[in-house]
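Each of the next two complexes has subunit A plus one more chain, namely subunit B in the first and subunit C in the second.
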Partner chain A sequence: YLRKANSQAFRHAARPAAARPSALRFLTPFQARFLSDATRQAIDQAVKSSPVVLFMKGTPETPQCGFSRATIQILGVQGVDPGKFTAFNVLEDEELRQGIKEYSEWPTIPQLYVNKEFIGGCDIVLSMHQDGTLAKLLEEKGVLAPMEET
Partner chain B sequence: RIQAAAAVQAPEPPDYLDDKERGIFLRLREALDPVALEVQDISGGCGSMYAVAITAEAFRGLPVIKQHRLVNDILKSDIKEWHGIQLRTK
Partner chain C sequence: MAQSATPVEDVVHSKLTEALKPTSLEIFNDSHLHSHHKAMQGSVSKETHFRVYITSSAFQSKMQPARHRMVYALLKDELAQAGGIHALQLQTRTPEEEERIKAQEASGTN
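And now, the complex of A and B:
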């Protein structure tokens, strides 16, 4: 149902015509911990790639973590339009995996963004799902799949 | 008189907490002065994932995400070592 997690998009969005900057290789571990401009820009691109963006472990078809799976299931139940959704698999890209935690100032994966705004992780998505605020948010932002005509 | 009131409000760490759970419990209690607090290792005793539930006046008026950020900040150095955290705040 949901488009395959697209870490390729993450790399294509980030990479200019020249090769990916290898500057990271020369940074000391201390320096490398801070979010580099290149990584920040790449994540900016990822976050605006679709109205609904999920940074997760694994893919929507094959989540690699219970919390990521739960979040994908909730988005499915809510009826998010697949055409308005992109998932990024942090397990395929260590730079993304660490970078997204600094970018969002949030220590765990999964992370849900709607219209470039950070919504939260699994706990928050689950409680918003249960109290109706998630349905309201998704509807307001116009990201739900159209109802089928009978 | 003020001290007596504080003693009534602040929850005591239950006996069944292991050392790590107790450490987390006490740190959260000190930072947030909660009226209700639960800390549980949900990684089968491995100390790699915790379920935390906190009810605190400090959260009043804050959107849930800000409440969670507050807790993330307090437990920052622990969370880095963990596999995950399950957080319920109000």
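And now, the complex of A and C:
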């Protein structure tokens, strides 16, 4: 169920069309390396689109990278509420793929944000999952799916 | 002096050793595990995916994201260049944390 809800949220949030001027397309790779205001604003929007935001390669249903897959699986096991989660596929958008690395000052994907705060990549999410600090964080931030009545 | 077959690994080793004076540094080249992936088609490098376990007191009083950023900053060029490091798994511990974890493992708890 986590996956179905994500693909809807992802499609909706992934293209803040107004914030992406086509002028960016004509910049050389060198010029495009510096994070433009427009790209920064688009990523700001993405980061605050949901309490839990994951920038990944591929989609939650079909991750395109083992590290992204591992991270999505951990969020599923932790019981993150799909209504409070959005995933962005950086492979669909080269501007996002490069921009998020500058924005987060982090050179690799996946990248997890909770309440607009950068948490880490796969290694950090995995070690937080193993030592209990991830469960604690997600609970404190109120992003877990409600427990079912038994 | 013969040319190294592992220039990227050598650079990672020397940069991290010099800057962080680690008590322990292990570098694993996992590139061969990923060479069949679509993203790696056309890659000529055999040094694309690394796992680095590093213990250093430079990490004290820093949370994990900050520790990782220290390492990323040192390897900025290698990560940025085309055909350079594609993936970098990091385990960053202080000597105290390393001691504690080893003691837990030895005593069978955890």
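Note that the second predicted complex is superposed on the first by the 127 of 150 C-alpha atoms of A that agree within 3 Å, B and C clash if a C-alpha of one lies under 4 Å from a C-alpha of the other, contacts with A are read in each partner's own complex, and residues count from 1 in each chain.
Going forward, contacts are C-beta pairs under 8 Å (C-beta built on N, C-alpha and C of every residue); 3 or more make two chains touch, one makes a residue touch a chain.
All figures in this text were calculated on a predicted structure; none of them were measured in a lab.
**Q** Putting subunit B and subunit C on the same copy of subunit A, do they fit or clash?
**A** clash
**Q** Based on the superposed arrangement, let me know which partner A:I124 touches: subunit B (first), subunit C (second), both, or neither?
**A** A:I124 contacts both subunit B and subunit C.
**Q** Output check: A:L75 vs subunit B and subunit C. Expected answer is one of first, second, both, neither. What do you get?
**A** A:L75 contacts neither subunit B nor subunit C.
**Q** Check whether subunit B or subunit C contacts more residues of subunit A in the superposed model.
**A** Looking at subunit A, the partner in contact with more of its residues is C.
**Q** Please identify the positions on subunit A that touch both subunit B and subunit C, taking each partner from its own complex.
**A** Touching subunit B in the first complex and subunit C in the second, residues 67, 105-108, 118-121, 123-124, 127-128 of subunit A appear in both lists.
**Q** How about subunit C: which of its residues touch subunit A in the complex?
**A** 34, 38-39, 64-65, 68-69, 72, 76, 79-80, 87-91
**Q** In the complex of these two chains, what residues of subunit B are touching subunit A?
**A** 64-65, 68-69, 72, 76, 79-80, 84-88
**Q** Any idea which subunit A residues touch subunit C in the complex?
**A** 64-67, 105-108, 118-124, 127-128
**Q** If you look only at subunit A, which of its residues touch subunit B in the complex?
**A** Residues 67, 105-108, 118-121, 123-124, 127-128.
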